[in-house]
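Chain lettering (A, B, C and D) follows the sequence in which the chains are written, and residue indices restart at 1 in each chain.
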């Protein structure tokens, strides 16, 4: 039997970090379709993120991306966030959009380019000091497009050196989260292509270094919940970049492509104690076609629904069936939780938190969408990849 | 025994069409790295394409992309090409970069958007009339990102209607080449995702409609040469968009990722009579990191090498081993051709054509690369996806 | 608004065909683990299938596999079925376990082998005459393991000839269902590897030939519901072989690996009129580890649940959101149905059908499992691949 | 410039271990096609392996599989090998064909089953003592077919314990090689699914534990040479199980499906010093359709050809192009080696070794194939999975 009060308490305590860049324009290599009302500054991104938190109650922090969210005064930005009920979250580095990084950043053959990349990473730690952020999230676009283009091993050496230098700069409460990605934008090798590579580097760096699992960054067929379970067991799961995919790194709304997979991941988080450990639950999505704020609200709700189902798994019954070797019964216990409609429960949770039971409808009624379209005229819309 | 004189003759007659857009800048959704000396107009693209033909002798036509290559006077453009030893090739439509096409073009739910898309396609046929191009190459980015976003069947109906309207406009000597693609930029459904869908539409349209095989547009593991063999058997192979890939639609230089696959494809072309049928051999690549003109020269050479190996297959010995059910012997016949170093043969072929035996070195010595860097200053560099 | 009475009626009319071979032992190339109580004859397989129908009410037919289910007297077998409330369903051919078929059956280079294969297929039609079965289901293991091993095009010619000969033998009410498979047991080419190939053959054969979609027979990432929608639109969807997979042709219980995908498939069936057309809904699974009869009951229930959800989709609201181009709203309509817990509805449906609301529990209480373990001692257990 | 004498010396020193089981029958889950003349005992397998070594000169050791190759007197078996110019190689364990291992072996929930599995592994070390084998190669079929079937983390704990117990038993000169596999025979989780998992266990175990790379055991698109380079850098590459694949774990002849990939792997071995380190180069293939001994000879030759090409890479020129960031030039250096026809060089190497230049033809002339067909009549043919 599951303890419903405990489930509700866990759901109220949940925290999903939304990424500043998801509020801006995004697209594919073919076209970025601009939307009306999109933020034109980090300040406006926080204004939008505050809407997501206001209606869901579980999105209290916002990840920043440097240099996209570079401002003169980070204390002022943090204050702007706080006034809207938010805190600044992970700092995400960018070593893929400077012309010097065409053939790599921290893995580049040229030491001068590597120094430039490391300098950027160190600047990110400076910003963390200013914002009070705990996590430096590192994703490297480094890799090669053609066999022979560069030396795989030499690039690992360079990567290791750069990470060590940045790691040494971290404060006592700061962490480095290392992300891996199967491919893209590099098409032959990627310098951190899988969890094993990220894990090996984190092991060498020390306890402040942990692996980030982006749910869209795996080879077809990869069992992501297995990786999550392993990293939790090793104390090396730093966090998630949630999104969903049918093909490659599609960056669709989390839970949209395979809600059962998301549930299985959240079950392993639950089973491995991930909700009480220092695991960061972040979104990393691109809302190319759909309206951005409601898409992010929907994504947060999808995480909530998967979490609720995971928490409803009858762990005792599951364990008993597993020990008995009853394949069908064990599977049935898990499926029973997945097949439960948890939306009524979540409506209750929201009402107990003083929120509207239906965040999507409440946001639609709020007039915010119309307001930003009307007010955010002129200026340069925020966008990534641009 | 293979007839070496016939092989040489076939190699001299080979024609690989290069795409105007490969001479311009390209990139991923993360970044387009600009290169120096890149063309700023269709005229300059033809100038570059002429270099590729001058040094390889087998790249006599250039595919255009509308509207990227839109000019006032297509007769003048055709003349510009002819003066450089070139002809204008296939006309490629673009129904993915107008803001109206965000949710589709010919498959869009809104009839007004569909009319706009069809109008563009009809304009492309007008341009074909002006340029004397035989082929209208259609690739549709149409699709959806989320389950439920649109009605799969309704989109097929709309697609069929649009294709029929354009087909009816084709002249007697003109053809419609329909391309399929597994995914991207759409991430849930693509409206022409596989050869079967393209084939079904082409069958209904009639003999002027044929399927284009882009070697990067398949699901992982797909046996492309099988598709090529089938389409040739059905008389429905219109042509190739050559490139290569390790992961998704990476658009790397053809033959760079899996030269054995390219050889197998060319073998099926040879076996199915594709060199003498109306099959268009086109490149469709993105040279994001590497220098563009030599990358295209290399790509043409890669097609030549695969073709030479395919032509060297001892068809008689192969057939005998196949009929005998001798698996190892049959495989060995094929591998024997693949393992042959055909570069000396191709050097001979080039010298007999009055060309330098080494196109890459000859181009490097020509000074063209330095010249375009020096001269093409200012203006707007050509780029796709931008 | 959905019409609940109509949904219930549809659920009561649903028919899922179970395969005789799923009641026998199965395994991987590494090991077949035998289970106690497994049938030792076609007669005992029908006894087990009758249990599945008795407890679910929607599994009234049983597919046979020849020669695994060969008997002297098919009329007697049909009577045995009828006495248990069943009918005999599709006849499945086997052209992959005779030593002569090592390099292929209907595609073999040797005409004598092809004649043997065709003779077997014709014998299957004879059996259909005797059993009253409507459908001849053809799956060919034909293919090659190595490039060059055989001629791709010649094999297509042979395939086409064999199919034509068998097609000509079909009675007025009989159909040929042609199955495709991405790979396995052939590892380089498969002679019917995708829906396009099957469709092309069926088109040439005529209206009695249709394509079968086995949900485990696709390349990674393939959008199966798209194929289903297309085939229904063309009137060429003959039926399903349901199962589920994480990797290759895993043959797990349908709905076990990706219940959302199964729902999307059933939605396209519903949207395309597939429930009222002549589409055969069949299971094709291997219960290697789990108890077979309850696994099949669970599978039937999974199909029911996906069907119920698909029928609950608010088609009107969906269409309105689609036409409006409201991506989030359209997706939400679909997800609303998927997120609904339809188990209470199905319990109601069962009770209205005079069945126990919980088929799994009812079967467990029935004592059948214990009975067959006790009684089926000695003899040769049925198994496929053996 | 490459030193041709050094290349030849390296090729003469190369050692490829052939697996005893590849000489026996194998197949897929659908059918094992028996071949004439197949060995009926470990002794006869060694007789066949001796032929491969006699004609190639570089296959001096034979891997055993326990219990398939269980004999009363391992000293006698070793002597039998020595008399034929062979040594016994790695001992491969089998924890997947006993009925008790249906739900796992070392990861099974039941401690008694785990004890049985560990006892088998310890017995394998006993056999290593008797045969003088250095390597214990461990591949576990352990995993689950359904979500919830067992506890992922608990299984890792059990695995770790079992490995530690076996590791402690190893002699000073003995090693444990841990193999990973993406999937099959388990279809939801596999307990050692990727190199990261194997690496993490080996790290904990100690220096005698190393990872084995089976070239067929990866997700689609995985860059295997990257893994090889990383493991070599970490001193954790224990060896290879060579084979090739188009789809899953197809176990085709190495180099048959993607000779360019094999070359890239061998290049990373060469670049990382793998030829002089303690890396075991083993075959692990299934010759389902083709004649077994010549298939293994061909496989050894394929490894030789890839090695020769890898050794011919102009490392100096490559390094210069890489440091210069010249993508095309660096790629061209690598491709130049790959495009070289190394068969004349290998013929020379063989003649200098006193061998026939053409091992396939020499074997065919030897009469061995006819002899074993004539003599090996009656008895039980060896086969795996049976």
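Simple rule for what comes next: a residue touches a chain if its C-beta (ideal position, glycine included) is under 8 Å from a C-beta of that chain, and two chains touch if they have at least 3 such contacts.
Protein names from UniProt, one per chain: A, B, C, D = L-rhamnose isomerase.
Please read all numbers here as calculations on a predicted model, not as lab measurements.
S.K.: Where are there more C-beta contacts: A-B or B-C?
M.R.: Top pair by contacting C-beta pairs is B-C.
S.K.: In whole angstrom, how far does the Cα centroid of chain B sit from the Cα centroid of chain C?
M.R.: Comparing mean C-alpha positions, chain C is 39 Å from chain B.
S.K.: Can you give the whole-Å distance between the Cα centres of chain A and chain B?
M.R.: 38
S.K.: Show the residues in chain A shared as contacts by 2 or more other chains, in ascending order.
M.R.: 103, 145-147, 149, 182-183, 188, 220-221, 223, 246-247, 256, 260, 289-290, 327, 331-332
S.K.: So what shape is it, when you link every pair of chains that touch: line, ring, star, complete or other?
M.R.: Shape of the chain contacts: complete, all pairs touching.
S.K.: Touching residues of chain A toward chain B in the complex: what are they?
M.R.: The touching residues are 26-31, 33-34, 96-97, 99, 102-103, 141, 145-147, 149, 182-185, 187-188, 220, 245-248, 250, 252-253, 256-257, 288-290, 385.
S.K.: Taking the complex as given, what residues does chain A use to touch chain D?
M.R.: 103, 109-110, 145-154, 156, 182-183, 188-190, 193-197, 199-200, 203, 218-223, 225-227, 229-230, 232-234, 260, 264, 268, 271-272, 318-319, 321-323, 325, 327, 330-335
S.K.: Going by the contact rule at the top, pick out the chain A residues touching chain C in the complex.
M.R.: The contact residues of chain A facing chain C are 220-221, 223, 246-247, 256, 258-260, 289-291, 294-295, 298, 305, 327-328, 331-332, 338-341, 343, 360.
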